């Protein structure tokens, strides 16, 4: 639909003239900016920026841009991430038994709505194998028990490396990843079926029903070692009433989960999310 | 706009033929039903019902209806509440320094949108006196310090009794009412500035900002002795982003607070809320 | 999850004691009411009711209930529809080239969220055949050109009859059904990709973009001869901004379309919708 | 809460390096950018920008900045608008009989949420005089009949000029302003009580009820000569059901109207809206 673009994400200490410096650098290299978005966190004294420009016509050769961006970031005392919009990241999807998020993501990947490749689906239950077959995506069953958990995580890590996976998406994967795992593979997005920080942990719909809430929610966030406490990317809600049993909350919740996860993943894939200090800036 | 109606709220143990029995009782007395709404909580084995019918043409004299409803409820082993739509309850509003909910409620009362009388506004700070004057509503300043809290609550109780108040609304009243108070005057509705059960207690917007949520909320609930834990009537939300400072959350939050409180109060005043087992059935 | 129930939908002229009469009839036959919901359209002088009760324990044999309900409706001068919750209707899905609604419906049918059978998918383009195969649903390609439209509609009608279809769902079927067709097969639900009555007809997203709206919508409605004018069942919206091109509206719109159609269809299948006077009462 | 800032809004033909040029100009004059937001309308070949920087420390004296911005815009072949955040515009509110939007705006102005002065309220009915008195705002009654309309508009124009009004807000002013008026005073924001473009013109709630919609809306837009056709700033919605009579739609609609108007006005006052080609870019 559109030609490729270069996307620079940058965090650095705040000081005057940063926008000018960044835009000037792009312009000096002949770049035509499509989007430029900045945010200053004055409490933290940080400047965040996302700039996207046409790859075509840019003065630096593609392979030279990342290191040029790093040099720029170093001059500013910060850190840069550099992506090309036509590099579709390799994303692994981890699931258990529920299919709604998995199928939604596979459909969106196939239709091009989510710019990603899915080289592998990993599951701790065998149930969803045929769903993956329909989409031609390899499905690997890695069972997890309390005793075999460390071993299973090691297997998953090897699979992620073998398949050159950049990001893992927990699409209703009902296992908690250990700190050991996350320190080796930190790029993980999860969907939690509550409006965090309410109802962290297990069975949020049951507890929401118990509490008699009038809205339920879903939260997509980056995974950190502390359960359900990572940087939030997207939250969605649905209305419920006294007529809704726990089963109805679960049913209605599926739609909020699918939407929150799909939106968060798209934001991530379009490189619109910058994580800092336990939170996200979402340049949408 | 419409003529007066009789509203029966009933809770009783569930068993067959209850709808028929209730509707039959109304019909047998010549009542023309406007609305009939029922709910069975099968887990609790409870039947809840709200029936509203025309007062005009009903076979029992107005003053005889409440005791007739009580007899009916007793026959069913339950409890009834009986109200007339043209009885506008006497509601006291308790405030501190913030005006947004107070003014909103006073406007809605004056315009007839909230069918209530406001005989008195009670405040622990003097700031909002002139706002009440504009609406011709008596304003009483009852200062509260840690030392005088018990005494102040006693003063408030006496004011509520003196003014024959049926319901107290905490419209950003930044004091926690004691169990002693609530046991003597249990009909209290509060607005809490978070999406409960997230961010119970003090400074929810500051904590929401810290957590980096993407939605903030407000919750209107009946007050119980445990802080921010009473039956929820209404919840509203607003979207926020990384651009929003705490002050922006507070500003955006004011609109969700006003709406959640006004809607909850209207539901209560129209006798559409039945409280049971720490939760509400809202027949809207 | 729950045992079968009987669902009675009734419309009749309003008069006193109708609720009592209906509930009394159910009780007299030993029925245990699960849900009873009524609405009086005072302008039209009509009474609408939906009553659902346990099939088990009901005094009439299953096959005798429909005619008993008809007799009841006749006594009240109205019309009844009688359904059993374990009768999953046979629903045909009509599509063109877009897969998002089709796949969504097939997933929801397979997971049991939509209580229906899908004996057939009919398409005026061949593109979605493999998607149907994945779900084991027969796909029939009925091409339509301006010249062959009448003939194609005749073919579709025969397919609907042959497969004993009760309801046809237009899941982005980009053809207008003729009055001739609708008079023979009137049970059709459509999804229109705008917030009706705004942007009736072709290319609503393009026109929404032109107009510069800040919200887009989707509308699920029963189909009538006048285009996009039938009784509305469900409407959903999504926020858009100046950053959204027409393609983004189309992308965001797909999610609102899927949700509006799935919700409307579930309401229909759960027999929660009563159509009258060009509008719907939705007992949800 | 924060010190004053300078806000530049610019539209010019799109070409490379514009962001760099603008940010460079600010930086060259020692400005510290708080927010920078851009949009390219590639179809129209236009570049839109909003840049906000600290007034304090900027190298140009306050009174010299507007003409410097104009020179900049001329060099870019475009047009600039320059504002200071501590210049609170003089806004006239026009009303008829309904108070909900008026009181909401006056309260938000008094609380500082809307950074504006309200030197005058103009009404074609006398009803809201006392409401204005409460806020200490002059109220002027300018009756309008079919015969006196031209004359009344002339009176209003003179009042706007006399009170040095920058913007007029139609807060449920139930008169259509003529082209003659708008050509002399084009800065007018209206609130229309429907989800435009649905239900343009009179009695939108009655028509929405007739159509049986499930959502109602409100639209705040700039006024143009063609009725309800001006650039849209903000749209809000509320859910309705078959239980809602026209009166309920009107009641529920009041809250959506208040919110849409207040939000749109704040966006305008914070200079976050750029109008072009019949649409708005809202840099929020």
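Labels A, B, C and D are assigned to the chains in the order they are written; within every chain, residues are numbered from 1.
The definition used in the following text is that a contact is a pair of C-beta atoms (placed from the backbone, for glycine too) under 8 Å apart; a residue touches a chain by one contact, two chains touch by 3 or more.
Please read these numbers as outputs of a predicted model, since none were measured by experiment.
Engineer: Could you pull out the chain whose C-alpha mean position is farthest off from that of chain D?
Structural biologist: The most remote chain is C.
Engineer: Roughly how far is chain A from chain B, going centre to centre by Cα mean, in whole Å?
Structural biologist: So the centroids are 41 Å from each other.
Engineer: Starting from the mean Cα coordinates of chain A and chain C, work out the distance between those two points in Å.
Structural biologist: Computed value for the inter-centroid distance: 36 Å.
Engineer: Report the topology of the inter-chain touch graph, choosing from line, ring, star, complete and other.
Structural biologist: complete
Engineer: If you look only at chain B, which of its residues touch chain C in the complex?
Structural biologist: Contacts found on chain B: 16-24, 26-28, 30-38, 40.
Engineer: For chain C, which residues are in contact with chain D within the complex?
Structural biologist: The contact residues of chain C facing chain D are 39, 41, 195-199, 211-215, 217, 231-235, 237, 241-243, 278-282.
Engineer: So in the complex, which bits of chain B are touching chain D?
Structural biologist: 1, 99-100, 103, 107, 111, 113, 134, 247, 251, 254-255, 259, 262
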